[in-house]
């Protein structure tokens, strides 16, 4: 007998749970890609997309995953040989740096480890020292999906400004967009990349690059941008196929439209507030569980935690055991630990992650927490008592 | 800001949550109803349906809801003027009795109130006193969806046998089939009615009547059975359309097939065990909450509680308030109280019900319980502490 | 190699092709059946349903197929022993008469054969002779799905009036509603039955009875109407569940709502005109094919042909052969001949039917005709030349 | 009144009609992307994908459209400055050449116009003259979607061999894969690109590059391949995410799996034969229509025509008029003319295209032809008589 036979719940940090309205919108015959409803819908969707990113400037859509958007963003504003500064707070900044290297760029990494945010002062120092302005861009993850840390884009902008450095500020918001508050224009981010499969609640397959006038100008200085990555025709299309550098991703566009309707129907401020409250719900439970000493929240300071994902350590092997138990016995799939490997735990088996992003309500979160507590009891991970009541209390307070 | 924006969860006592596989199976073009795949599938499905009811005898499918099945069952075995004995433990036995009256039958009700099961000894007395065998059938609800009481069919069979009374034993398993253990043949039930929208996890629209040889013989004694209700062609069809007395319910059949695949894939014993464990999970929380005095479980004795639904009192107006709060703020729709009206509470506003039937896993149940606790806190219904931990403990133990 | 691997087309006279919008509307989680969106939607849908039937009076919805609606309609207005007059023009009037017999009514059939319409004068004679007004109702099929004949309701009303006979005029519009023009109030039809799976383009499972004040009064004279069939609570509900005599057919209601949106979006007059033009398209081809002598249209007079279905004879065995060929080789399922049996052809194997009802455009019809011509060539049924061009010509003229 | 209200049919040369099984497979919750069913399914799918391309060598999947695959293929085997020879027979070879230019390659185009195939002798001459082997690759479209010409890959391989030239032979099979016979290994094609949205019947969003050992070796000689385009980890993955250079395209993979099941269930030889027969069906009609002088098939020689798409001229403005008529009046969307512009007809308004690729049966094709004839009559384009009968004759012969 298993208690898993019901509607399975995927609480990994992306892909997130797809709303029924999104899946329904995609369950349609192939539309005409040359004219008519799809063409009109796409044009009308761009402003709605930019409102999610809080920018009034440019948006380019790519049929790609987030890694594609990383490459696209870099390709449009940097020339081979250019230096990029990469303050890293987990796994994904390294990934982006590697992508940069693949394009012939020269990444300079400042590693802040797995449990601390970017220290903007440190970044400012490095930039100030770069008097020749060899660094052309600063690349960072707003939220690192592996460590669940959330960095402060405005602080980085201030660092650049204080240092009087002209480098572009480029943010990876793949894990955070439409979950954690992000204000592209107000915070002075020049280029931002995102994907559709997390806060945008659409099956993986679309990625986005947003950029401002500084990004636009940087594009002019690049000697060669490959046709697929070139954001010019995509952001300022003459023909419909320019949007996508070829055939339109018909069904994904329909799904994305439905997702944007849900987000704007709720209101982006309300969406952020919901994620913030549900993140506090998760934390309330985790903090109580942690009192017994076996569990450790990867990020201690609440103000540095993502509202979209929470990374946790539970001791060698226990993360894997817990995840297996919840999937087999309760219908809950948790995210595995990634990028937390150590000599003692080369597979990050002592970690797991709770995704709490996108199409997410109190029922889903409280259910996940209930199952995790049941799982810890079942696989014998000690935990502090009263966690679920504490979590419910956060929901009650709203 | 609301925490309800996510996948809504409907925890009412039917319709239950539909598995994706069922909805998918129904999202298909119209099939041929005269020959081919649908026809073959239907023939092959009848044995699988009977295995759910634990009978080797007859099954008739109706395009109807449960009320239709009530009428169908009565129509096939009783003549106008016949007396039927109806031991009642809540709302639905009265409903069936009313249906009987509508057919010209004469129901004799023994009312056991809203919080007690059928007393088989009392039934036996009445039957023993019916020396002329005017009572032709005993009608009862296995589980009453309003009160959440579960009656004992085997005890009723024993009562009939002890009284040496030839009346048919007719069970309403609408709320219980594929949730609470039910052994039609072993327990000596002659006629049983059910619907597709609860334990069978299919959108409302199909109903079933199962009957044994005694039911079959009773049919022969009925002078006039209307064509639509006549179970003869439906249970022993010469042509495909006989199954349904006309056009086949194509999409429902496809959905039901998918549901039966899920149930038999899990195994009916495992399905019952899952419902039993998840019911105990619900009870564990409710019993702790009840300690504060505001909440009262309608059925005190665990052995008399349904594994599919739990009815609760929380004080005048509070049931309605709680239900509204959970729907508006947390994505959880609870069942309303029905049939519990009193002079002080004519709308049963002090009651609510938790449906825990069908496609149901630990995540769904623990989430519902977490939301209920949050809701009670929010709308200020006092509750005992530690309920969620207790519920998680039941899941942990499996 | 087969040319059938593509989107199959079902051209049987019901179930008709389901629009994507209908199937999509049904691919949703179970909704709350006690309050909220579904309840409001249902109330708002009733007037839209009545507009399809062109009546301002009463509508009752049944979870049932058309046979259920037959029984429901009879149950509400007739008492056992009542005589009903049944002018028959094919199979289905006999079916309804049989249903009447099952309820203890006494049908008097006037058989007009398989290729002629009801002769209203003949009906008037019979009614005039019934000076004691023993005949309580006249039952007829607007369109007989087997023969594809279309009868004239207004002529029957005139016959009743001329004869000064108070019998109810009861129409079966199962095959015709939302295909062939039908004006319930203007034509003086008292009771009308229909199903959802033909012109209403929804998977089988709902049936409808419409009735006017005369029907309403007749209900008062019936001594016993079973609860499930009683149209009173269904047409004038105090509670939501009254609409359906129990649990609501949630997913069907959502599908029906989508279908009604399509129909009213197009406009019922335009829907009828489309069916009329597409029927003429089919006839244009069939009439040319018939010139070679092997094919015979069952109804010769165009003014008597249904706009929803066409029955054809092609010689012993050839109907079955042709149907098999088109399904195996071209992705087209044709309707089989029913009710056309003779001594030489006990299985109606010399007949087939083309359904052309519901969600139907010129592409679907011209494709079906193209395949039929290919099939006749392949299985060697002689046919007149130029049929497809003639059919295309009708579409061209619009 | 319009005859378009039914199931719309999209007969454009991609995206093609999506099978219900594909759309259904994609209507599912987000799966786990780290382990479990999706991971296993993907590994098992690669051989099935290669069987479609008739290669036993390497396959790389990209989240991209066909243009992305063009860029990916070039990126892996060529260095900036490399010369590529591009024999062009329509629009798409120019597109690929432009993509090459975007990567810093130097395309040398041989333009064979819009109505003739590649002349392999001419290619051989050019290659023979390139004694320094500066040409590193020959790029060609197997089928040009604009002109509907089909080129002969084996003849090009022979040309390369005769010239003793080591350039890679690179084929664009975006329009032809799984429609027109293509034998990658047997015909000596080194690199091949394709998309999912035509013969593979899946919504746009996936693209494929297949390559053999010569392609594999060429990769080794490339100094820098961007991470996203690098086919090494994609074709020989260490981790699941390597397949996609990041997040997996979950729903597209499920759709593609369903499409491959359909194709292999039918058998690739049968799939090709079906396309060939249905292409002949289309041609039979077009050739008859052309007799009146107004219509002209773009490719006269049957042996040079694609089996997936047919381009037609009907005189200035008439293509646009016809397309509008069929969409508005009959539910058929035809492909517009592209790349056929002339001084007199700068918008290619005199052309249209019939897509006949993918999930396609005789009913769909004959319906499209019927509608086209109706449309030509309605918008007054003269046409030869007997076209539809001729087309049906091809289907009859099978």
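Going in written order, the chains are labelled A, B, C and D, and every chain counts its residues from 1.
To be clear about the criterion, a contact is a pair of C-beta atoms (placed from the backbone, for glycine too) under 8 Å apart; a residue touches a chain by one contact, two chains touch by 3 or more.
Not measured: the values here are computed from a predicted model.
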Among all chains, whose Cα centre is located farthest from the one for chain D?
B
Pair exhibiting more inter-chain C-beta contacts, B-C or A-C:
B-C
Once you find the CA centre of chain B and the CA centre of chain C, what distance in Å lies between them?
35
Can you work out the whole-Å distance between the CA centroids of chain A and chain B?
45
Inter-centroid spacing, chain C versus chain A (mean Cα positions, whole Å)
55
Using the touch rule from the top of the page, what residues of chain D touch 2 or more other chains?
8, 17, 20, 24, 27-29
Contacting residues of chain D [partner chain C, same complex]:
1-9, 17, 19-20, 27, 262, 266, 270-271, 273-274, 277-278, 329-332, 359-371, 373-375, 377-378, 385-389, 391-393, 395-398
Looking at the complex, which residues from chain A come into contact with chain C?
20, 24, 27-29
Touching chain D in the complex: which residues of chain A?
8, 10, 12, 14-18, 23-24, 26-35, 63-68, 71, 75, 80, 98-99, 102-104, 195, 197, 203-205, 224-228, 230, 244-252, 333, 335-336
